[in-house]
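Letters A, B, C, D, E, F, G, H, I and J mark the chains as written, and numbering starts fresh at 1 in each.
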Amino acid sequence: MISDRSEVTRMILAAKVSKGLKWADVAEKVGLSKEWVTAGCLGQMTFSKAQAEVVGVCFDLSDEAVAWLQIVPYKGSLPTAVPTDPLIYRWYEIVSVYGSTIKELIHEEFGDGIMSAIDFSMDIQREPDPKGDRVNVVLSGKFLPYKSY
Amino acid sequence: MISDRSEVTRMILAAKVSKGLKWADVAEKVGLSKEWVTAGCLGQMTFSKAQAEVVGVCFDLSDEAVAWLQIVPYKGSLPTAVPTDPLIYRWYEIVSVYGSTIKELIHEEFGDGIMSAIDFSMDIQREPDPKGDRVNVVLSGKFLPYKSY
Amino acid sequence: MISDRSEVTRMILAAKVSKGLKWADVAEKVGLSKEWVTAGCLGQMTFSKAQAEVVGVCFDLSDEAVAWLQIVPYKGSLPTAVPTDPLIYRWYEIVSVYGSTIKELIHEEFGDGIMSAIDFSMDIQREPDPKGDRVNVVLSGKFLPYKSY
Amino acid sequence: MISDRSEVTRMILAAKVSKGLKWADVAEKVGLSKEWVTAGCLGQMTFSKAQAEVVGVCFDLSDEAVAWLQIVPYKGSLPTAVPTDPLIYRWYEIVSVYGSTIKELIHEEFGDGIMSAIDFSMDIQREPDPKGDRVNVVLSGKFLPYKSY
Amino acid sequence: MISDRSEVTRMILAAKVSKGLKWADVAEKVGLSKEWVTAGCLGQMTFSKAQAEVVGVCFDLSDEAVAWLQIVPYKGSLPTAVPTDPLIYRWYEIVSVYGSTIKELIHEEFGDGIMSAIDFSMDIQREPDPKGDRVNVVLSGKFLPYKSY
Amino acid sequence: MISDRSEVTRMILAAKVSKGLKWADVAEKVGLSKEWVTAGCLGQMTFSKAQAEVVGVCFDLSDEAVAWLQIVPYKGSLPTAVPTDPLIYRWYEIVSVYGSTIKELIHEEFGDGIMSAIDFSMDIQREPDPKGDRVNVVLSGKFLPYKSY
Amino acid sequence: MISDRSEVTRMILAAKVSKGLKWADVAEKVGLSKEWVTAGCLGQMTFSKAQAEVVGVCFDLSDEAVAWLQIVPYKGSLPTAVPTDPLIYRWYEIVSVYGSTIKELIHEEFGDGIMSAIDFSMDIQREPDPKGDRVNVVLSGKFLPYKSY
Amino acid sequence: MISDRSEVTRMILAAKVSKGLKWADVAEKVGLSKEWVTAGCLGQMTFSKAQAEVVGVCFDLSDEAVAWLQIVPYKGSLPTAVPTDPLIYRWYEIVSVYGSTIKELIHEEFGDGIMSAIDFSMDIQREPDPKGDRVNVVLSGKFLPYKSY
Amino acid sequence: MISDRSEVTRMILAAKVSKGLKWADVAEKVGLSKEWVTAGCLGQMTFSKAQAEVVGVCFDLSDEAVAWLQIVPYKGSLPTAVPTDPLIYRWYEIVSVYGSTIKELIHEEFGDGIMSAIDFSMDIQREPDPKGDRVNVVLSGKFLPYKSY
Amino acid sequence: MISDRSEVTRMILAAKVSKGLKWADVAEKVGLSKEWVTAGCLGQMTFSKAQAEVVGVCFDLSDEAVAWLQIVPYKGSLPTAVPTDPLIYRWYEIVSVYGSTIKELIHEEFGDGIMSAIDFSMDIQREPDPKGDRVNVVLSGKFLPYKSY
């Protein structure tokens, strides 16, 4: 019996390697962005019934696993507060080095509030560059103002 | 005597409020992006002599402070490993929730390596939206591959 | 020179004791709820110019301090990640003990998403009770759904 | 053999998904609030014999599991001191940002003491709102005064 | 200007050494137990106006300091989560080694609930013993039951 | 094969629930206080051969488990440095709030040294009280003086 | 089913001991440095198909394990942030003691930027010395400059 | 009065910027490597009387400061266990990613023991490279074997 | 298959209890001190082939386990950075309380350097004393000087 | 006004350097061991009036400082839980690597209990050795048995 969404994530990861699948292909079958679908497969987003069934077919999941894909997971995909993996650490470093800058500039433009991480989307693309290709990421989050009451 | 770049950051913050300056205006005077100039003023980047002098004029800094702006700082702008400020926390949350997704998709496209946080730029813009304006951020980092040796 | 909002908070706390003020009276002069005004005085919210000037009069603040009240602060009012003060700890305990319950019930009613801590208000009242008066707190936060993209 | 209440929580979570149950329906069968019953099923509260038997029927639990539901659990439902899940983090953020405010206002009204997290109840409701429905939560805790001795 | 109760604690500690006072004598003048009065002087309890004035006389405190003694402090008297001082560590060790035992025995006798640390008193006495005198401590806390709702 | 005392603790806890035993009854059979016997069963104290055999009979333990009860365990009964369980946390809070007070008063009475947590006993009793029964705990520890050398 | 690269690392370690293999010999078969190949076998680098097959033969790995060797791992080889093993701790100590020196000297020579840990190689050799042989390690990392934008 | 070596480090850093000195030039005057002299100036090594006097002249230090340079400092040059500065972090990352590899290879060559961080030297050089200059670092530490006894 | 030395430690601990062995007897059979042999059996030292075979006979270990005894382990025998077990904590306390004293006195006698924990031996003996027997421990570590270069 | 023993420690350290004193000489004047006297001067032990006056003369302390030397300090001499200084870290490492061994051997000889860190003395000596002098440390602590009750 499955008692935790992370067990389904492990099943997906095992199947992905043994079947040689690509996230982009799974996303195409689901009909949504590769960013959102991958996050869902990694246990960070919640699939609708129809989406979960497509994912289930891709990874040969049991009905029980497909049911768990529709359950809101406990989110947070990293094993430590400061990530050890170099690729993910660079993102943590951007937050660490540029965090106060981001705060100042958003407040200067919008006033007090935040950039939502819920009403949010992300798009990751390869940007060809003769000096070495670049990773180009667009983050879009709704500005949510603090209001007095 | 100044013995730490963070003392200069405090001088800049005090002057910014008492003089009512905007980061965008300071950046325009320096002639570079608001993101990089703000990060520099907040003690995360190193100014050239010419740049430091412009910053010094903007914030009425002493010669000693201007000299310190040209010294490479000890970077990291946040007081705790997990940031408490809600605006900055949302960025930490993006890394936490989407970290494994970003890793999977960059590796799927580029193979093993990282997105550089050094050969890196950031652009923060307001994106008008009838359902509420959005913060639109473009991150661009060179892909650096791991190679065998 | 003031270089940090927390210096203004300390000025306010010192003046509050020496002048014997009450938060509720300050809030009434500002014309907003006691919850929001107190949070602002404690360095967690941003005042408008008019509000800041009222606060400045209440606590005999300098013009520079009044200017800082209009600057968005770095938020987070507690000195440690797990609070040691018994009153505040009980709230941490509620999150610890009921956290998974709150998550389950909000998801059961609304689906995947969060209760906003930004589009949020709080009202604290005394509820008379013959067995001992109670603290009654109403928290209201907009539900923000995760959406696929 | 079951040696820990958390094993029963996992059984309940597995059964809930495979049987498609709702916490509100389980609570109705137990005859108590959805908040308390869910907290109990998640291993944070202690059921009476009669309550435990109803819960056992709902989730097809063994007699041994039903016995464990009547044992006081080791409480605390979160895997880390600072929660990573966005929904639960927002509650932690409320404590972090408003903690000192809550402390000031309760003391201003009641004097030194705490709001109990034991003689406590919670009620979570959907509040319809044309700008987006809200989560409305009422927390009620007995005020417990410190006394000199 | 005093902006924090801990400044008053430091004044009291400095005066205590330079004047050679004893906590028991101060407590006798205040007319309460040595445990509660010492905790108050160390910034953990709140004095009434009359009590604060007696304390102020004992330690030659200013009016402003006496006013701060009547303000509810941010509690927690230790600089680290795990105390380094051997005397205080032994108490932490008692909680660590006997914590699960205390929990089992209180629940066996009273059911689910806690022993209050608010409606609480403590009495520390020397117990003469031919094999070496003992520290005898009586802790008395009201039992507060969890109730279903 | 058992390779850790904590495995025996889990066996005892499983048997206690399935057999419906009480710690006080087990202690009576062992012929010692309920505090010490419970601590021993929870893996914090070491039983003699005769005591271990009585415990083994109570909980239907194997010979191997009975042998392990006579092995000095690695002590410390809590899963985190700051306990999350509300009952145990209140004890941690007592150490946090009263720690500096306990230190001052023991030193005032005895001079420099500690209250032993080894030459130590604890007695937990219900104290009837019309305003609500109280938990009464007597801690007795030998005073151990620091000496110069 | 394998769901995590660390399972393959454990298989390799088990096989290495039971078969009595040496890292240098495995590296020779793979045709690359012992440093990179060992890091790969320990789950820190990604093998090409051809390399993975050689590694698979050396350690008698299943096809599934060989497939996992070609998947980019979640990096970071140590169980704690501050390593407890004396050999590895000495390296942490070098970073701790010499960290600020390394920073100053690289900046003095190159300006603001970093020494890459990705475009990086390491060579560990025995250096004979009559007073006791030495470990000689050459680290080579590309300098990556911060640039303004 | 100076009561801590770190005060001297701050004096040196302030003088270095205001006088525009280079570590390499200071080292040349002291007559030792730039690595060791910089570490000494940053409070990690102990100078002899003659060396300290040269350093004192370079940075215009008082006699008291020169005396402190001859006192063994409390070592460790970083403000947090995991460094936030990107240049220093890359070294931490090398330890994290390659730590187990370094351990395996040193043990394979030398048996059980460590590479000394005391009988140790470091040499940092620029290595010209048409694809971008590299930082070349040679670490040399005596191998110290564990022996049975 | 064994993939970690700690599995062998668990086998040894299980066998030691079931067979009723003493460390001193095992050490005698190995022909070395009880301190070193016990540390080896607990996974902190590396046995030679001959030593490992003696240990294997004592504890009825498999050939594979005997092979692992000859593999250098990842050292560090405690589950938390600050040990919870009272016996081990007292040693941590000695380091905490006397750490700065040990540092001052070794530097006063030897100059800058350390006392080796590798070229090190330990001898633990019972010292009879009419006021209560004492534990007498002799630590001997080679002094390793820092040298300039 | 002095409000904390650590201020006196700083005065002593400043005077020691400016006057060029040695701990051994101070200890001789006090008439006790260098270990205990140094620990006292570093704020870890409590001096009698006569001892404090000798210390005061050695370091030219004020009467107020001499009074503070007779106050029991808050003990613990290290700034972090895991010490960064190499000399002190080696002691932490001994506890980490040998901790479980020390525990096993003391229990094998004495049964359950601890080696006291209070009824404790330490003696540090240079042990001449042709292969390099050694630091020889004798620790003597009374064994304190756990007893059942």
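Here is the rule we go by: contacts are C-beta pairs under 8 Å (C-beta built on N, C-alpha and C of every residue); 3 or more make two chains touch, one makes a residue touch a chain.
A quick map from chain label to UniProt name: A, B, C, D, E, F, G, H, I, J = Cyanate hydratase.
On a predicted model such as this, the values are computed, not experimentally measured, just so you know.
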Listed chain pair B-D, G-I or C-F that repeats interface H-J [over half of contact pairs the same by residue number]: G-I
CA centroid of chain A (Cyanate hydratase) to CA centroid of chain I (Cyanate hydratase), Å: 46
Centre to centre, by mean C-alpha position, how many angstrom separate chain A (Cyanate hydratase) and chain J (Cyanate hydratase)? 53
So chain G (Cyanate hydratase) residues touching two or more other chains come to 35, 74-76, 78, 81-82, 84-86, 93, 96-97, 103, 107, 113-114, 116-118, 144
Those chain pairs that satisfy the touch definition: A-B, A-C, A-D, A-G, A-H, B-C, B-D, B-G, B-H, C-D, C-E, C-F, D-E, D-F, E-F, E-I, E-J, F-I, F-J, G-H, G-I, G-J, H-I, H-J, I-J
With touch defined as at the start, can you tell me which chain J (Cyanate hydratase) residues reach chain G (Cyanate hydratase) in the complex? 82, 84, 86, 89, 93, 96-97
Write out the stretch or stretches of chain E (Cyanate hydratase) touching chain D (Cyanate hydratase) in their complex. 32-33, 35-36, 40, 45-46, 48, 51, 72, 74, 103, 107, 111-114, 116, 118-119, 121, 144-149
Can you list the chain G (Cyanate hydratase) residues touching chain H (Cyanate hydratase) in their complex? 22-24, 34-35, 38-39, 42, 44, 75-78, 81-83, 85-88, 90-110, 113-117, 120, 122, 124, 126-127, 129, 131-144
What part of chain F (Cyanate hydratase) is in contact with chain I (Cyanate hydratase) in the complex they form? 1-4, 64, 67-68, 71, 74-76, 78, 81, 117-118
Touching chain A (Cyanate hydratase) in the complex: which residues of chain D (Cyanate hydratase)? 10-11, 13-15, 17-18, 20, 79-80, 82, 84-86
